[in-house]
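Structures are listed in the sections that come next.
Both of the next two complexes hold chain A, though its partner changes from chain B to chain C.
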Partner chain A sequence: MNFSEIAYRVLNIIVYSVVVLVLAYIFTISFVPIIGAFAFKWHYTLLPEVFTLNNFKFIFEHPFVTRSIWSSLIVAFTTSTISLVIYLMVILFLYYKERRGWITTFFESVVIIPLMLPAILIALTIYQLYRPTAIGGTFLILALAHFTIVSPYIYRNLFSVSKMIDMKTLIEASRSLGAGLFTTLYKVILPNIYHGLLGAFLLSFAISFGDFEIANILAPWKYKTATIAIFQYAFKNVWIASAIITIVILVSVAATFSVAYLSRKAIAKYIEVTR
Partner chain B sequence: MEGVKVVRISKRFGSVIAVNNVTFAVQKGEFFTLLGPSGCGKTTTLRIIAGFEKPDSGQVYIGGKMVNEYPPEKRNIGYVFQNYALFPHMTVFENIAFPMRIKKLNEEEIKKRVKYLLEFLKLEGLENRYPKQLSGGQQQRVALARALARDPEVLLLDEPLSNLDALLRIEIRRELKNIQRKTRITTIYVTHDQDEAFSLSDRIAVMNRGVILAIDTPTDLFENPKTSFIAKFLRYKNVIEVRTIDQEIEILKKRFKINEFSNLEKEPKYVAIRPDVIHVKKELDENVIQRDEYIIFKAKLRDKLFYGSSVEVYLGVDAHELITVMPIKDANHLNIGDDVYVYIKKADIKFLIE
Partner chain C sequence: MRKTMALNKDFFIDIALISPFFLLFALFIVAPFVLALYYSFTRGITFTLENYIQIFTTKVYQEAIKNSIMISLKAATYSLVLGTLVAYALTLLPPTVRDLIKSILLLPIIYPGLVIAFSLVLLVGGTGILTNILYKYFNIHIPSMFNIRSYDGLIIAYLSFLVGFVTITLSGVFLSFDKTLIEAARSLGAGPMRVAMRIIFPIIAPALIAAFIQVFIIAISAYGTALALVGGGGNLITLRIVSVISDVEYDPHFACALAMVIGMISIPSAIIYGKLLKKVVGGII
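Let's turn to the complex of A and B:
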């Protein structure tokens, strides 16, 4: 075995070790809270010493916690739906009027600004601007702030998807065959960007659902979110906080599959009906 | 009967004038081609006819009706895109049925018409396949079937053969011509390929820099190129600057009496000579000299390029170069570096004023 072969093998071992370590780390971070949700006592052992379901029982006996999960769901769903509809329209406009390159460039430069701003700054700005208005005391103020922070991600996601399918030509093809803009959108564009839309929706949902910094400043008392509840219980009883996290994860997964199933069914139904 | 009429249309993108005051009329049932190099404005013109672009000025008429304000879906056109633009989530059947479903035809009628188009375009058995499961030629045929399914007044084709390999292109070209002959549908075809334009068209418009330089039948266009650009673009290969001095004309530094050329009218700036009318011999032919039908140059054979059925021969005449094509057996007698004589029939020389 010569030197280069030995070096290649050593490098291989290092790369595999790094991959295994990264996977183990992500696995631990993701699953320890779920295991912890079933723990009554867990100190210096690999798994909890005593298992219990009382942590979940506690959640359902305390309306503040259940309400916070609902609030998170409502805010995340509203944020994702609004941003998806808005950015779908934006992408359609920019794509169909592609030759106006400066509009696209300008829009892209503006839409990524929230990435560069600290979340606390966005929260405080929106607080100052909208707190005195009608949306000040509702969950919409939080949805508005979340819309701001998810914008760059949603836009980029939809932009890449639409680029992949050559949306402009598909729209033109459909229109040259007699279809109006709405029929084109439902029959041609949506079925082709369905996966991209779902991806963008889930990304937005996850960002909104997981936000603590903005929610902590903006969420009205009635709409304190799950992350705030987790934070509050983390210092009182970490296993109850873990149980809240577990429910949040379960709800997210369920919401994801429901959205995927329902939108696929809706598009299929529309195509069937308009045949 | 009028198929399509375009009157003084212009279109500008920023500082670039894509189409500049273009006017032409296509008769009903005619196969009309817009021919020109990339960026000459031919696709923009086609897109304006389709309604994908709005002209800055000018009018578009389809079937005698002004359609400037009509969106593409209201123009009753069939458009075949360069990349076919088949709907990836629909089968061949669904792609072809699409315009009929939009028209809300009944299912029986749709099935009957799709079946007819599948047979007509030799696509039987492929109806349940998705576009990605088809070859380039099949995709092209599906795109054509889909465009015809709408029963359009005019068929617009934007370089539909450019993504196919050379052999398939020739095959589909013949099919396309046959389909157009059978349907007699008014067709506007955009291409940069002269062979396609010549073999398919009833008439051709040559475009450059947003303007139409000439409109003519393929034969007349080829026989009588009006400008040096057209001659070059139609592969004359030998477009040479000339000058007239008194009653003489200087071609490749050799002077000839103007009255020697019956086809010389105005003061020309260029001559265009097709490669196939240039003959090469190693010796001077006394019989030819006496007939006085040819102009003769002394030349040196600079290069030979083998093209399968023919050989392209490069001849140096002073500082200039003439290009000719000849059969392999004739080219075999000639070697690079040979001194030869070039014979060009006077009647084969095209004099161009610009």
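Let's turn to the complex of A and C:
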């Protein structure tokens, strides 16, 4: 065994230990609040000294917390629906006809704009602009502000799926056979990018559900979201805050793993189409 | 005549498909940005540079800018190193394990920033569980060695989601990497250092820079983690903005000028990032 072989072995050991370390870190920060949600007393042991279900009972009985979870769900659902419909239309626009190259480039650059601007700036000025208008005191303002932060994720997801199934050829084939826009949409596009659509929906749902930075500034009094409730209870009762965090974490976990599952399905579809 | 009709119909479809996007984009990204720009240059309704002068001449705000940049640079550097190693490890693993690890890395990105801060404080904070256990049984007192509610603690908290960003951006590049190049170099006796510097690095350099810029922007504009971890005691631009728009002293003009300072750093970086992104395969954003 020469020197370079040993060096590669050492490198592999290093990278695998980094992976283990990073995963252990993520597992720890995920499981501490989940275990804490069942704790009544937890100070000097690896697991809580006294377990209880009262934290969950509390969050489902206390109107402020229950309402905050509901408003998070409403806002996340509205955000994902609005952004999915709008970006589906953009994707249709890009593939419906032969487009020049710069149009795609333009959209790719435009959707990363929300990434350039700090969320706090967007939230602050949206608050200033729309407070006096009709949508000022409703959940719509929060949903539309979340539209900006989920944009890059949804666009990239939908765009890569459409590229993968070769949407252009599909649409051309369907149009050359005389199908209109709606027929093409229902019969050709939707069945093919169904998994990608659902994945994008879930991802944006989870991001909107877990947002604190925009909601903290923008959420109207009636629609304080779950993350705001976490922030308030973090200073009062950590175990109740843990119980709310557990719900947020469960939503994230469900969304992430469904997205992974769905993208595998989408790839399976791609193999089916190309075969 | 018929041709013009058809053209008109297609044109109408184009407009119908694209207008909702542009409407929302104009109302919720362009308009807020223009308003922020306008606010940052005004006091009341008079045009003034006072906000910016105050920011760049007051010691507290100079410190805040310096702290924000330093913390983001450090967090971005560490996460780039760790993320690159993880992305490399992913290329050695079978696809199922790779997907699983990627999904796990996506989790902290989706979690609210304050959840990460909350968990860390619960674990190694002043009266955290791990702190208590170590102190009681091993007589090791973590807070006297390392305070999680500090800027260093913040960097550790940031790493949890920045590593995921780097890994997911880079793994696409690494997986599409032509492995025969490495094998050729190895068979000729090149060690890992030489392979990395001469073959891998020149090819992945654009992706590395793109990933670095991406995590730098995310670190500098995030405030959820900082608010929950360092709180009012920290001096970062984002925390200054939060305190300026608190109920006590509500000053949107000054807050917008502060946010614009972040924009001055993040917008040019993002333009470079956008240019590099074309060379990068995959990535979550």
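Throughout what follows, the second predicted complex is superposed on the first by the 241 of 275 C-alpha atoms of A that agree within 3 Å, B and C clash if a C-alpha of one lies under 4 Å from a C-alpha of the other, contacts with A are read in each partner's own complex, and residues count from 1 in each chain.
Heads up, the rule we're going with is that contacts are C-beta pairs under 8 Å (C-beta built on N, C-alpha and C of every residue); 3 or more make two chains touch, one makes a residue touch a chain.
Because the structure is predicted, anything quoted here is derived from the model rather than measured.
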Fit or clash - chain C, chain B, common chain A: fit
Touched partner set for A:M116, first chain B, second chain C, both or neither: second
First (chain B), second (chain C), both or neither touched by A:N192: first
Partner chain in contact with A:H62 - chain B first, chain C second, else both or neither: neither
Partner chain in contact with A:A173 - chain B first, chain C second, else both or neither: first
Partner with the higher number of touched chain A residues, chain C or chain B: C
Partner chain in contact with A:V238 - chain B first, chain C second, else both or neither: second
Touching partner for A:I29 - first (chain B), second (chain C), both, neither: second
Touching partner for A:V248 - first (chain B), second (chain C), both, neither: second
Lowest C-alpha to C-alpha distance for chain C against chain B (Å): 5
Doubly contacted residues of chain A, that is, touched by chain B and again by chain C: none
Chain B contact footprint on chain A (complex, rising order): 99, 165-166, 169-170, 172-180, 183, 187-188, 191-192, 274-275
Contacting residues of chain C [partner chain A, same complex]: 10, 13-14, 17-18, 20-21, 24-25, 27-29, 31-33, 35-36, 39, 82, 85-86, 88-89, 92, 99-108, 110-116, 118-120, 122-123, 127, 129, 132-133, 136, 159-160, 163, 186, 189-193, 214, 217-218, 220-224, 227-228, 238, 241-242, 245, 252, 255-256, 259-260, 262-263, 266-267, 269-271, 273-274, 277, 282-285
Chain C contact footprint on chain A (complex, rising order): 2-4, 7-8, 11-12, 14-16, 18-19, 22-23, 25-30, 32-33, 36, 42-46, 82, 85-87, 89-90, 92-93, 96-97, 108-110, 112-122, 124-126, 128-129, 144-145, 147-148, 152-153, 156, 160, 181, 203, 206-207, 210-213, 216-217, 227, 230-231, 234, 238, 241-242, 245, 248-249, 252-253, 255-257, 259-260, 264
Residues of chain B defined as touching chain A within the complex: 13, 50-52, 71-73, 76-79, 81, 83, 85-89, 98-99, 101-103, 107, 146-147, 149-150, 156
